[in-house]
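What follows is subunit A paired twice: with subunit B in the first complex and subunit C in the second.
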Partner chain A sequence: MATRARVTPDISRRLRRSRRPMLPSAVVSLWVALVILPVVPLVIWSAAFSWRWPDLLPTAWSGRAWRYVFSPTTQVRAGLIGSSTVALLTMMLALAIGTPAGIAVGRMAFRGKRAIELLLLAPFIVPGLIVTMGIQIVFIHLRLADTMQGVVFAHLMPALPYVIISVAGVATNVGVQVEEQARSLGATSWQTFIHITLPLLRPGLAVGGLFAFLVSWSQYTSTLIIGGGKVQTLPLLVYAFTRSGDNPIAAALALLFVAPAVVALALASRTLRVRQSVVGGRL
Partner chain B sequence: MMAVLTDKRLVRTNANASAVALDLIGLGKEYDGRWAVENLSLTVPPGALVALLGPSGCGKTTTLRMIAGLIEPDTGDIRFGGDSVAGVQPERRGAVMVFQQPTLFSHLDVAANVGFGLRMRREPRGVIAERVRAALGQVQLAGMERRRIGQLSSGQQQRVALARALVTDPRVLLLDEPLSNLDPSLRDEMRDLLARLHAEQGITTVLVTHDRQEAMTLAERIAFLSDGRLQQYATAPELYERPVTVAVAQFFGMVNLFPASIVEGVAETAFGPLHLPDPTRNLSEAVIGIRPEHIAIGYGENAATGCVTNRTYLGQQQRVTLRTSHGHTEVTVLVPADMPILINQEVTVSLPAEWLRVIVPGGAATSDTPRG
Partner chain C sequence: MSRALVTRYALRVTRQRPTALLLLLPSLAVIALFLIGGVGFAFAQSLGMFALLGDSEVTLRHYGDALRDPDLRAALVVSLRISVVSTLIALILSIGMALLLRKRLRGDGILRLLFQLPLPIPHLVGAVGITLLIAQSGLIARLLHAAGLLEERSRFPLLVGDRFGAGIVIVYVWKEVPFITFLLLAALSAIGEQYEEAARTLGASAWQRFRHVLVPLLFPVMLSASLIVFAFTFGAFEVPYVMGRTYPKALPVWAYEGFNNVDLNQRPEALAVSVLIALLATVIVLAYGSLSRRLLTNGR
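What follows is the complex of A and B.
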């Protein structure tokens, strides 16, 4: 009797333990298939000299593409600087505008809130090309066409909703009472915002900021049209080399293009996981 | 009882020479055309602990938030030590709120939570560390400085919240149901801690609660609110023995209430004519109340006979409800648990005149101030 009672939970625990990794491993495999595999040909192409069908691997190798990418005399450096500058500016502006907006959407009840929430989704629904064509005319009048500011503003449109939505989600949970508590303890409204609201909103800011950066980083059409070729970014270069048929350089550039995104995502997911476990520990 | 209470207050008042009086003068707040708080006036003497008691939705939390400066009153004034705080930002009032939920800052550790108010005031680091340590000692959390908030039990969290408020030396301490989120055992512990800290520090304190027991054990005076109006502002025994409105009577368990008209010291009620003890002026509309434990079984003053309709065993006592033969009025009586009483039994009860209370319509205290 006593032994059976001891054995039964043991078996069920073992069953549970064996079942648990099943789902994650399937997800990991799928993720590998979808994300890692498409990168493999890029890696090979970037180091290939000639790679023709039906060869499984290139017949000749070359470091030409990577030498080009890292050469200081090519356009790559300009593209890298351009992409980084535009993406960072877009991220900062999106955070500066999107944080208060997200707090308002997340917390306040005001007339037309539903409409604003729907409008926030508009950039996901309306094709970017159409929007870009429209704003190009306005930007020409405002003398923003062919400038980096113009490109940043154009990127802001698809980037902003990510910040607003992710901040709104966190702001709803943070609540107003914790701010009232800070005020009551002697913090001014500004001190409350800096010492209480912002730190508590951090997960939302991290996710929103990351997405704003990545959205801007991967813009092609709007950079091309609003920047008018005056603003050089990596996607424009990748596209140019793809069109010209220089696969090794296009592949190397594509890898360079993907790298920051992967690094940023890995960093973000790590900080978010730490945060989550802290939150989980509290419950 | 009264003398002891008064003595205690004297001791408490002396504990903090810098304690301020809190005056609420004609305070009102309107929401959507309804007065959540209406024309509320009361004075909390310096260093006293006063409870705002009442059922939920009576306006007590609204009042507390107005004192804290978190909402602005629509009418009236609030004064700390005689000075109006109208329009003063919450952080400059020195009125610190302790909420029902501990509302700790989860991104900061215990020491940073407790030291928050001092840090916002830019006190030197050494001073902050020293005072945080002392405050944590006061709430029996010594040595917990580096703990994360998530590692604390709910009782510990509430004590951190209390230490965080006390460390700032508030002029007025505002407690919004600080015990109602705690387990019963923790509640007693926390209540004792609150009483001890108040006795030691003598900070002018307003406690909001819906719990009669909590108000009676902690507060020197109780302001009973109902429907946004102050019904009575008095000591616990006064509220218990001499309610001035029906709402107070009902809340404090004076369940036998008979509408009456009074002519020459005799109240005409559905229960029958009731002879009142004191000479009372004639009133066409009044309510006569008596507590169930003051009603006697058997013939006597103001007697009537009825049929037992319900009895509930309460341990030491039983609560018996009967319906009078004349007038068909319900009367609730508390009698010893071992008294043999059966449903449908005929029982005679008498209402001793000395325990009859006359509640006059419009008796609510609108501008009561503490006596003595």
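What follows is the complex of A and C.
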């Protein structure tokens, strides 16, 4: 009996799996292989010393690019610090400003809601390049141009909708009853917000904050225009080394640049539902 | 969206629900400031106001100059072509992928995870990786040479910096297919299978079920996804900046380089072009607005 109990679920699992057809898996696998393919030359180039046409692999390997990338004396360190500081500040500001709006959109009914939702989502569509070019003169007058604060403000607009949409998604589904119970037990509205609403919104805050971080991390144009080259971030370095034709360092930087995004995807894929991963497509 | 319209809505909201307005205010302020302020100041500067050099003026001259510029017309054609082609190819591939990913597959978890890989990867990195893959001395050309299928790298098709912008299209398709696919998958799961089952019992073939049941049901999502992708690729700068040719340039690259020119007199004309790009994007936002509810409410 003991063996049977152990074997049966195993067999039924195997049966279920074998009923899944081969062809769709094969087609999707082929596409996935194509999707991963651009990573391969990045990995090889980052460790290459000399990789001339038509060699399939480099004739000489070198750790130069990776040593350069992790050396404390190069501008990469400044880029890493710049990128992380700006992205963390953008994330915190976007969470502070966007969370209330997400709650309002997610669970309140008000007139003009569609127009307001549309306005809140507009940064998905209106090109950031145009907005940044227009607003640069305002930032110059406010002495925000060429400063890190200025770059953070410039990143805020594209990051905000992600926080709003993530919080709204969670706020729709959870908590109203629990909050009412807390209120009926005598909690003030502030206590209710801190002890009930915020913990219930945590998944939305985590996903929204993650996206806000990644949006800021990926920004290139707005950093260039508002930062004026004074604020160094990783994407600016990736572009500079690509243009100068130093493929090994460009490739190593590109991989370093992608690392947090890929880690985040792997972590988030456990908690993300389909709609939220859809949101990530606009990075 | 005009400021008056926003104020009118804000006033209505106040009467209705003071808390909602209070909660929305910070976000609305930031987004309105950037959108209205950003596009507004771009417009003012395109009219010759806030000139960095010389006297400020108000004129439509820069629009005339921009529209008469043959380089600009070439740039417009390049950008439209890249956006239309990328959107169509990505949409068709995504429909296929969504239909395949609808059922559980063998190796489902890992396939789905890797399928999403391009979503968080910045366009810039995609452009660099794909350039090193498909350029004439890229990895694919090397593989073909090793297999004896390619003698000279100059015989390999020019995909980066070509007239058509093939490499740029490849990057956009690579990046946008998971995005559109997941929009379609969300819609498919909301629709359920009952309509297809009904069609099947009535004797519809697989193609008929797709053409007459799924396509009409999915059409709003296909449309809104295509609009988002079209508007994005039309206004995006990084990929054509890295992979494009010097002539003709993509429209955003043309605008940025004019904006950044050492000759500051170029700036108003560049901003005139950027206002035209923003105008087109706004039209698309309004079209998308009628469909956006589906996005926010997950098709419910």
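A few points about this structure:
Following the convention adopted for this analysis, the second predicted complex is superposed on the first by the 236 of 283 C-alpha atoms of A that agree within 3 Å, B and C clash if a C-alpha of one lies under 4 Å from a C-alpha of the other, contacts with A are read in each partner's own complex, and residues count from 1 in each chain.
Going forward, contacts are C-beta pairs under 8 Å (C-beta built on N, C-alpha and C of every residue); 3 or more make two chains touch, one makes a residue touch a chain.
Predicted model only: the values in this text are computed from it and were never measured.
In the three-chain model built by superposing on subunit A, subunit B fits alongside subunit C with no clash.
Contacts of A:S29 after superposition: subunit C is touched, whereas subunit B is not reached. With both complexes superposed, C is the one of subunit B and subunit C in contact with more subunit A residues. Applying the stated contact rule after C-alpha superposition, one finds that A:Q177 touches subunit B and leaves subunit C untouched. By the document's definition of touching, of the two partners only subunit B reaches A:G186; subunit C does not.
In the superposed pair of complexes, A:I196 makes contact with subunit B only, with no contact to subunit C.
After superposing the two complexes on their shared chain, the closest approach between C-alpha atoms of subunit B and subunit C is 12 Å.
Residues 278, 281-282 of subunit A are contacted both by subunit B in one complex and by subunit C in the other. Note for the complex: subunit C touches subunit A at residues 1, 5-6, 8-9, 12-13, 16-17, 19-24, 26-28, 30-32, 34-35, 37-43, 45, 50, 93, 96-97, 100-101, 103-107, 111-126, 128-133, 137-139, 141-143, 145-146, 153, 174-180, 182-183, 185-186, 189, 228, 231-232, 234-238, 241-242, 252, 255-256, 259, 270-271, 274-275, 277-278, 281-282, 284-285, 288-289, 292-293, 295-296, 298. Residues of subunit A that touch subunit C in their complex: 17, 20, 22, 24-25, 27-29, 31-32, 34-42, 44-45, 53-56, 96-98, 100-101, 103-105, 108-112, 114-135, 137-138, 156-157, 160-161, 164-165, 168-169, 214, 217-218, 220-221, 225, 235, 238-239, 242, 247, 250-251, 254, 257-258, 261-262, 264-266, 269, 274-275, 277-278, 280-283. Residue ranges on subunit B touching subunit A, taken from their complex, read 68-70, 89-92, 94-97, 99, 101, 103, 105-107, 116-117, 120-121, 148-151, 164-165, 168, 174. Remark: subunit A residues 177-178, 180-189, 191, 195-196, 199-200, 202, 278-279, 281-282 touch subunit B in the complex.
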